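Heads up, the thing below is written out as structure tokens.
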Amino acid sequence: MSLAEVAAAIIGWPPVWQVLVIGFLGSLVIAVLAVWFERKAAARVQRRLGPYWASPRLGGLLHLIADMVRYAFQYPIIPRTVDLIPFLAAPIAGMVIALLPLAVVPFTSNPAYWPLPPSAMEYSLLIALAIVTLPPIFIIAAGWASNNPFAVIGGVREAFIIVAYELIAILGFLGAAASTGTFNLVAIVEAQGGIMWLAILNPLAFLAAFIAIVMSTSAFPFEIPESEPEVVAGPFTEYSGLLYALNMGGAYMRRFALSIILALTFLGGWYPLVPGEGLLMGYILPSVVVVVKAVIVVLAISFLRAVYGRYRLDQALDLAWKILLPMALAGIALGLFEASIGLT
Amino acid sequence: MSGAELVEGPRDYEATLKAARARAESALREAGISFSVEEGKGFVDLVVDVDSIVKAAEALKNAGFTHVVSVTAVDYPKKKSIKVAYHVTSYLDPEIVGGIVGLAVYLPREAPEMPSLSGVWVSAEFMEREVYEFFGVTFKGHPDLRPLLLIPELAEKRPLRKDFVVREESIYEGVPERVRRG
Amino acid sequence: MSGEVRVYGGWRDDLGLKVIPTRRLARDVYEVFIGPQHPGSGHMRIIIRVDGDVIVEADPDIGYVHRTMEKLGEIRGWIKPIPLFERMAIHDACNITLPYVRAVEKLMGVEAPLRAKYLRVLLCEINRIAAHLYGFAIFGVFLGHSTMYMWAMGDREVFIQLAEELTGARLTHSYPIPGGVRRDIPQGFPDMARRAVKYMRKRLEEYRKIFLDNPVIRSRLEDVGVIPKRLAAELGIVGPNARGSGIQYDVRIIEPYEVYDELDFEVPVYTEGDALARTYVRVEEIRQSLRIIEQVVEWLEKKPREPIVDESIYKKYPPLHKKILESQGRAKLLPWMATMKVPAGRAIGRGETGRGEIIYYVESDGGMNPYRVRIVTPSARNAIAFKYALPGHRVMDLPAIYGSLDYFPPEADR
Amino acid sequence: MAPRIGLKSLEKRRTLIDGVRSNLHVLAIGVKYFVNPRRMTLVYPKEYPRLSEGYRGFIILEKKKCISCAACARICPSAAMKMIRVMEPDPKHPEKPRMKQYPVINYQRCIFCGYCVDVCPTEALYHVNYHDVVYDNLAEMFWDLDTFQKEPEYKTALEGRPVRIMVHEELGLIKVPVGEGG
Amino acid sequence: MEEGKVYVGNLDVAAKRARDILLGKLKLEKVVDWANAFSLWPVHLTTSCCSTEFAATFGPRFDGEQFGALPWVGPRQTNLIVIEGTVTRKMACAVRVTWEQMPHPKYAIAMGACALDGGLFYNSYNVVRPWEVIPIDIYIPGCPPRPESVARAIVELQRKIRGRRVASSWIREGWRPDRDYVAPKEDYCAWQKTSPLLERV
């Protein structure tokens, strides 16, 4: 085997492929698109133009590239008061771990292209959810390492929010498991089989999971850790240049990773496409369908910025514990009920 | 102090002021405080002695003057005095609502000092701090007497006193050579 | 941090101030300096001490925009301070300068002609709407609602456009002068104003849907920053903040100036005293100002044009000036105004600006300059409310309370 | 026909159904504007607003009309208008140059209040109706007498087309393109 | 080692090398200048009342975001200061500190007469000239300037950055070649160190 073949085999190995290509490169593009859409959609609702002059034909898309280049070349300031190692490591680790769930989710029903062996695939939903809960730790670490009052308050807020949404996210996704009676993401997608999306069958669990994603990636109306009027940029107040861009990108990547899980569990995964044989039909096209569905979810979340304000921290927790938690539980109950009458 | 039926339509301010003045004067008289009156357009100042000002303030407060709208200080270098007037009015009493009555004292220009009235009227707190930094009047018993608006070095110069001079440029001054040559 | 912290929370129980009871603490109190370069502070600094997530003490540190208006007012003659004082709140320019002009008019013994009075009221109400919309915009951004910011800023442009057509400047109109105003309405202005009024009425409905009835915003505002009526009266807070607490006070009713006593409008008063009530007062005031604009514009359209300056000034006009006034509707100034003298005396002029009552104490010794001008702006009087409204609330309530008080530092600092 | 106080109170706390409904309202209005943005943006500098004739923009001197009375400099609130003395030929006695004073303006300070234009007894000063001119050095903002007589270079007019801003009943402000020279 | 900064290993040397490769060999100067010109994020620093017109510039009618300018919260992530009017003695410290907290390349626009020569407050005892505090790129006359003027200033600044290669040469040289570094003549923050304002009872 030549070196090129080895390299191709490594890249082509589904976990690596999914994390590096779909995850990193894809989410980089998607982060740019999502930020652009967020700014343009907000501009439309707000009766204005939004980014424009860098590339009038592309609707100002290049402004986002300009922002990235500018960040990359700006002088990175690292204050002397920070705790250096966590300060530098947190954004990088946060971003990498945000993409890890993609190493375990299947993008196709063709076993040849599963990232995990079929036996482990049985628990793929659980494994993905377990990894999903990790990145916020690094946001807290970033805030704490910054040694700035605003960053610390932002980090503490993130900690509060985790407690609220983690349970709901897991319970919400478990609603899907309850409906289908399996933790196998492939089986969950197959059970939806085209038209019977779990989002329709089990709207309670879907809503709970959706709002939990909104909360976990601190999108509006739950953008509480980075709430500008009190805590400036929250945990990222002291970050400048490329490190800040990493932090910003990390949130979008997490949103993207979670949206893929949501697309698989509730939005019918790769359906209406039925994966066939071969790389193209068996792997690439199904993953494109999943990614498109996830992008729609990401854009929908971005749109919320245009119409909502921020909840107060305690109100967000209130909402989570008093309304969303019962809703997620009801979603599980509904799922069990549906499973018992054989609807799915 | 019943509030609901308070103000209906437009009011005659002259009548309000008259009522407020009568109320204030009778309150001071009842408290046994001597005062003199200085007229102004739209308000009236009752000048009392600095020793009796706390008693006078309490009398006015009990008579229904709820808050201070302005602690107005004026520097009179010729008379060698600084006048400090607490212009007070009421929000809650329908008869005198909005009528401005001043409770004034004259203080010596050198080391002016008077008791703070922010214990009587909470609303005077920030305004007294202002008078302190701009005129150097020390309010005894003020809970938190620090400069409010100015940085300390400027506050030491007492900028609103008349001997702090700010000059206007004349109409020929400050033209650069390039422009003056025409 | 050592030493005992003074807790402002409970010590004004007699005023009916309801707060979350706070412990007296020697440690564990976190001091946060909010401002002056801070997205939630504007041009001021609020030093808060936080116990967990609850503010135990707030100390507004103002003065970052203190531009020595009172001192400069003493050396600039009588007419130059009009643009000077305007800079305290440039988006509420006519309301801010009119009381000074009226105080000077009281001392001089001149009075503006009726048409000028209507014109003043017209610009005042346009400014009031613009000021409230600006307040909404800032409030929106404080609550993270960027659409409210953009909408309010955009709709404010409509009224700025009106003011620009009327006066020739977007914000700093310097419109009233002692004895009159500087410009008459241009051709086609009444129709333009009516269209703007109709437009704004429709927009207010949409504001209600996206902002005021937005469940997120509502939950941020309800029962937040409650200032009970008794406390409001003690603190002497003014304007919509006082009226949101049930204080029935508006200078336009207490001391009707210009032609306000001839117009039909309502002064909205809410009794709840929380941030939501203060917001609703502003919405209602926009509605009432729209009504006033309609009435004033109708009057101006119906009545024939007449000089917009006092008789005493008009009769000194040379023919050229009279011609300009007739053809362009522009009242010229006269050279002696720069150095005019005003009879000795003291006067208080006051008016209701967008943010509340403004008071000018003007003292003249008969010279070319005012002897003393004391200005008490609405924001200066509202500043003290921070100290009492903030303690006992969560840190995230700070922008909600700040925004609902509609505090504008340049105005407060003078 | 008189102003009056109107006592009001807020609607009560909402139920869950109200919450759902108002959430739907919010989303609906967001989508409504997302689909049909009704933009009011001025694509500057491709379009620039043609301001009304009475707009108080940059101030220009017509030297012929000036009678050197200095009223403009005296009334300038920010002391931006200065007088300079220049020697120039006297039309009556061509052999003898005379001393005359003219205003110059300091745009570092000018606040565009228009007092100078309004006070000028011979209408020797006028406003141009544009304002968007910026500088990258301070010194050239103090205009000398020659510059003061020329309207400043209006770069925007070279790059874009003028639009007139109108108030519209449905859309707030609309842009109407102005024809050439219109 | 410069005060206030910590470097890992010889990050400084590594950064310089990266700079040389990217800007020198790869000729990325144009890209950097272009990126800087279309990504001017003004920091939130409201010094005075011109902020109302600054806000209007970023409102829907004039929409500063069409130039890629996005008002942002913290100084660390931004590269433009717009001095919105008068800078008082108390505020000068905040202006300077904010400027120093921003990573270079960074730019400044002075807005309004007060920010140029004091405007109406030219003889006030509490007003400083912003160009004594930080170096200014573009001056806008007016009181307040119209939003178009602010937009014009942004356009001119973009041209200046791209035309004179301000950003790339700043990054390469480590300082700004076409402008002297303004060190304030006096310490505007001195009052804070001794201020009784910070002394609590």
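Assorted remarks:
Order of writing sets the labels: A, B, C, D and E. Residues in every chain begin at 1.
As a working rule, a residue touches a chain if its C-beta (ideal position, glycine included) is under 8 Å from a C-beta of that chain, and two chains touch if they have at least 3 such contacts.
The shown structure was predicted, so the numbers you read here are calculated from the model rather than taken from an experiment.
Comparing per-chain C-alpha centres with the mean over every protein C-alpha atom, the closest match is chain C. By C-beta contact pairs, the most connected chain pair is C-D. Ranked by how far their CA centres sit from the centre of chain B, the chains are topped by A.
The centroid of the Cα atoms in chain D and the matching centroid in chain E are 26 Å apart. Here the CA centre of chain B is 41 Å from the CA centre of chain E. For this pair, chain A with chain E, the centres built from the Cα atoms lie 35 Å apart. Residues of chain A in contact with at least two other chains: 43, 45-49, 52, 228, 232, 306-308. Shown for chain D are the residues that touch two or more other chains, namely 2-5, 7, 26, 29-30, 39-41, 43, 74, 77-79, 106, 111-113, 173.
Residue positions 6-7, 9-10, 147, 149-150, 159, 164, 166-169 of chain B each touch two or more of the other chains.
Pairs of chains meeting the touch criterion are A-C, A-D, A-E, B-C, B-D, B-E, C-D, C-E, D-E. The residues of chain C lying in touch with chain D in their complex are 76, 79-84, 147, 154-155, 157-158, 161-162, 164-165, 168-169, 172, 174, 182-183, 186, 192, 195-196, 198-199, 202-203, 206, 209-210, 213-215, 218, 222, 248, 250, 252-253, 256, 260-272, 276-277, 280, 284, 318, 320-321, 324, 328, 330-335, 337-339.
By the touch criterion given at the top, residues 26-27, 29-30, 33-34, 37-41, 43 of chain D touch chain A in their complex.
Those residues of chain D whose C-beta lies close enough to touch chain E in the complex are 39-45, 48-49, 77-80, 106-113, 131-138, 141, 155-156, 173. Chain C makes touch with chain B in their complex at residues 12, 62-63, 66, 68, 70-72, 75-76, 103, 106-107, 229, 232-236, 242, 246-249, 251-256, 260-261, 345-350, 357, 359, 361, 363, 371-372, 374, 376, 380-381, 383-384, 413-414.
Contact residues on chain D toward chain C in their complex (touch as defined above): 1-10, 13-14, 19, 22-23, 25-26, 29-30, 40, 51-52, 54-56, 69, 71, 74-75, 77-78, 111-115, 118-119, 121-123, 127, 165-173.
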